[in-house]
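Structures given as structure tokens follow.
Common to both upcoming complexes is subunit A, partnered first by subunit B, then by subunit C.
Here is the complex of A and B:
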């Protein structure tokens, strides 16, 4: 036991010393808005350290082993010797998007300029925007994340220098989705810290698609934080496609704060990757706001995917709806923990949650834990979780119509995922994800783009 | 068409089929009747290739081939169709996609090109008209939320689309009102031709007023204990199954 504790301390010390040894490099080129939070954050991190099984919120996912590995840390933007615009082609034919590239957590310097953006819309790298337009950043950055008791969020705040930034002013509706391609690319194992900030002004609308990819086969560890502010009457869609190599591990924390009458839809599809932990915190902080929270994962080999949601109903008359689905093959492990917290006086809350899982082998494993904390009396809340196998009766029915067993299984697994896919509100993206999921289930998916940069 | 010799099957040490013999020739309609638990549905399932039966024994020849050598999907493609007593609901699989995949698998097996989307829709329209079906069913997920009658009509519709050589209809009449029963029976009759055989599994004689069988068999305790013409069904309706049970003892 003492040995174990000593090991924990050593691990945490490694990251705190890394911080103090590189404090100057971290602060260099960064806005004071980022720099003033760093030291507070590293102290916050020191208190709990890298979560292991002892941390109740991480009981199904021990992060320590992946943090024990040696990584290269990058404290300044590294020039990319090739033009990623030429190399990267997302082959979603009808998906007309504004494309933005990030490399190892850094905003790519040679991103094509986004022309045609409506007046006042700002899309760029967090580092640059924080330096050039601090007024767009200072009222938002860390306003949600600082309230978190998650040491991984604090670690991000201590180390973060760059990431994706987006600001859409009041009353602006951005028709075309913004597609943010997060590329991991390195010869050696690297550790990335990406910090994203998205702000939807009053009565504005936008859709963002995050695509997480690896361009090289190396080991990666990303510790990412995204803060999203959805002002009153705004409508925001945030889709994430996680498709990295199986040595790429990531911890992703997303915070959403919703004001009155706002509408949020977030949906995450996890295809390939190593250990992935997704934390989603939504605060319904204005009456009549609504959040749809969807997730699906398809895992095999030794993949480990843990989705952790926390929906806070802070004001009355808000609604939330969560559906998470997982298909687990081979030795993969999945987890879902979903918390709904209805605070005092958040009357007329309607909050629903469901988690359905299909295990394809005896060695696949799923942990699911719903948690409802209700401090108001006039609310409608429900949760449900199932862990099952492929329906043998349905399988036989399909086979009696001449469809072979493998195709019948695929049909059933696709149908299982369909409930989540059909909620995607961008049609070409919905069709594309449908296709990606089908390929993933067939075992034919390696990459979801025609990028040949390996 | 189909020759069954001494067919046996068990479930968890319980013998369900205990040496069943049946011979069905092309163009014939056979009715298999019997009390609950006599093995009627097991017969349909075993012939269609459902797994999970123990001590499967006997010989079943379908169009000159050993049926036991074929997987469920291959039996279907060779022309065997099972109309389910309880059609399975499959949420998330649109009926249209399901049927299209199914029809094209059958075509592939016959060495034909797959139907294009428009050809397929045309075929669907024709079959719906033939069966006097409303068009709503195909817009939904397979059997999902269908009423009992809709599910059975959907079975007949699938049969019409796949044009099997041998259709086994398992209690297709159960839970149907008289209008639905007529639609189902008309469908079966419309598909009748000298090349095509039907086995109607039923508990009641009612369906046989609409689908007139050439032969009626009584299944009891896993064996066919009595065979006759269509008048046997009437006799059963009148006297019930107790008469057969006594005779067998």
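Here is the complex of A and C:
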């Protein structure tokens, strides 16, 4: 990416000069743990700039057009009025959760204090925790993100001030899931930078559900980074529901580092949104660790969803399993790039990956790029990718049972998605997502579609 | 297990058997590349003006192109000024019978086990043998001429059929297609030309043996195959190269054009010198091969057995333009010691109801890296298209790598594309089963590797399949295979 054309340089300069002009505002109120990385990060960003088609990792998703638009940047916490009734609508019936609210990438100051949390568990805003308990943050923050060569991650590191923080100490099992509701609400177009950090101590367990929503119709651009540390014997579930308005664009990078015998499940459901890019990097850094990575997207209109995964088997005897499913309607574009990297001597690895896609129209487009990089011999690795349609024979079979074609199609699409949904390990959440997907496929998700609650 | 490792080590550490050089008098030009060199090559070959322009156009475009870096290969920097771009045996070869052929040359073929006479008698194969750029001997030419088939060296075609060359050259691989294709277009020395007229089924398999011979000369072959309406041809290409210490560059271009209902089968066995066990020397094989199914219901199939070369960079591709056209790619790629291969295919579906199949079998041993890289692209207009891809990798030993980089892009709802890939080693249970039946571990590995590659080897024409198996044996050596 050494050859940048003049236009790209101008765009990249806009972001670098934005940084230098607001350096003081960015550093104000932030912990030195965050501040000390900013300048190094912006320099790294400068090297590659906003990725376009020429960047192999962003071959199917050109981020330049969305970054060229004008946005308002928020460098300090602003109180945004949020009707808490709206938040409760995101509630999952039959599921008792701790609810945490973030608005425009900032930890909402009027979050109720989570009093019933077990001893030692810390849940809060990254900015506040980094200032008050730097010892919880400094050993983890940026330890994974700094290794990434993705310029978007560097851009996040340079601009990030706040986000969601969670720390679960050794041997603590959190029974109730934490639900993090990310709301975007603004009168004008805004650019949000959110930085999340989650740490699961040895032999701990927790579940987190991220719900991304927009409350207003404006254009949004979020550049988010989430780092998750899963210590030995820990079990972590992380679910994400992306349901934003069709002008909300986001780039989300998630990093997971797993120690010995840990278990991770991450699942992402993309229902509505504009251009969405999800990067998932998992490092299996301890023997006998296991990762399940699931994703599904349902797109129409001009939506663009790109899922990019990179599973690195750094130690022997680890297993991983990936399933990504996409249903594409109208003029939407989908992309999937999944990589399994087995490093030398990571023997006895078993890694599987599957990507199935259904195209419903001739103007929808799907690009898939599954990759295997294998440097050890005693491994079992496979990947499969298909792009096709609903099975006509199955459709016919259902119709012979007296079910009309539209319903039969819906049933088959639901079944297609259900393979991913059924892996969710929290039953009420599974039912809820099943319901959301069903509504989405019926086109009934109008409220969430615009997410305009007024 | 230790025993098995030992055998694997023995098996994969054999030296290259076909390493020898033949002393022929060579007519060479000074090292280096510039417009004058290109003019000199063109003049030496007494080419018409359009060929010179074609070369110069390619050279000017090549100058502006950077060396590609996207492949999963570590390519040491190549000094393009340190290469002799033209070498031809001094005696202009125009033999009437085999007796007149330079005995040393015949000896070379004999060592390779492909004597001309044997081929002539046994296989009924017309051989256009190429030693360092200039065609030395063309057999069965008369038989082919009766049917209207033109099968000759490229330079001959430029002299005798300039209209055909002018019409089709650069059609499948444009001059500036990529770095190495542009280089080839600028300096190509010779190659084969094949034209099958309308309605003719070529009665025999056409074959060329390429062989790098002069020290320090790159070989820039160019092959052009044109199959007119309803014609059929099966074309074989095979190569072995003698042992050299210094790296040699091989940048060939193969173009195939298939018109309405024509079928072209292109089979390759590639066994250039892969370098020694320390990774020293070996041929750099950077080849651009592409076929266009221009006519409706036309078919192009590529079959390749890649065992040699220090570095292989090769993607035989099909552009399926005609409705109902079919593309096939079958490949076995073996890498050993320090060899690197990044090979695969591109299937571009443009016409309606087009079909393509990709079968790729990679085998890695030693400290080698073997990558499959492929693209299946279905354009919005290519309705009802179908692709099936299968890429399997087999790892022999814990220090080698096997990688898969498929790209799938689909732009309409009626097409079905499937891709699957697996990576594994030979199962201990499989070996145990063979041992239990009294088959030694060594033989068992051989059987399993052979069985693994069978699917592709079966696609090769009979005469070739035998040699392919032999080469597979040499690369992983004797006992394996």
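Basically, the second predicted complex is superposed on the first by the 432 of 454 C-alpha atoms of A that agree within 3 Å, B and C clash if a C-alpha of one lies under 4 Å from a C-alpha of the other, contacts with A are read in each partner's own complex, and residues count from 1 in each chain.
Everything below uses one rule, namely that a contact is a pair of C-beta atoms (placed from the backbone, for glycine too) under 8 Å apart; a residue touches a chain by one contact, two chains touch by 3 or more.
Quick caveat: nothing in here was measured; it's all calculated off a predicted structure.
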- Query: subunit B versus subunit C on the shared subunit A, clash or fit?
  - Reply: fit
- Does subunit B (first) or subunit C (second) touch A:433, or do both, or does neither? neither
- Message: Can you tell me whether subunit B or subunit C touches more residues on subunit A?
- Response: C
- Can A:384 be said to touch subunit B (first), subunit C (second), both, or neither? second
- Is A:230 in contact with subunit B, with subunit C, with both, or with neither (first, second, both, neither)? neither
- First, second, both or neither for A:411, with subunit B first and subunit C second: first
- Note on the structure: Here the angle between the directions from the C-alpha centre of subunit A to those of subunit B and subunit C, rounded in steps of 10 degrees, is 70
- Task: Considering only the touch criterion stated at the top, classify A:419 as touching first (subunit B), second (subunit C), both, or neither.
- Result: first
- Between subunit B (first) and subunit C (second), which, if any, makes contact with A:398: first, second, both or neither? first
- Item | Distance of closest approach, subunit C and subunit B, by C-alpha atoms in Å | 15
- Item | Shared subunit A surface residues [contacts with subunit B and with subunit C] | none
- Message: Using the touch definition from the top, list the residues of subunit B that touch subunit A in their complex.
- Response: 48-51, 71-73, 75-77, 81-82, 84, 87-93, 98, 101-102, 105-106, 109, 141, 158, 162
- Sort out for me which residues of subunit A touch subunit C in the complex. 56, 344-345, 347, 357, 359-389
- Partner subunit B, residues of subunit A touching it in the complex: 391, 393-394, 396-405, 407-408, 411-412, 414-419
- Query: Can you name the residues of subunit C that touch subunit A in the complex?
  - Reply: 70, 72, 380, 383, 393, 395-425
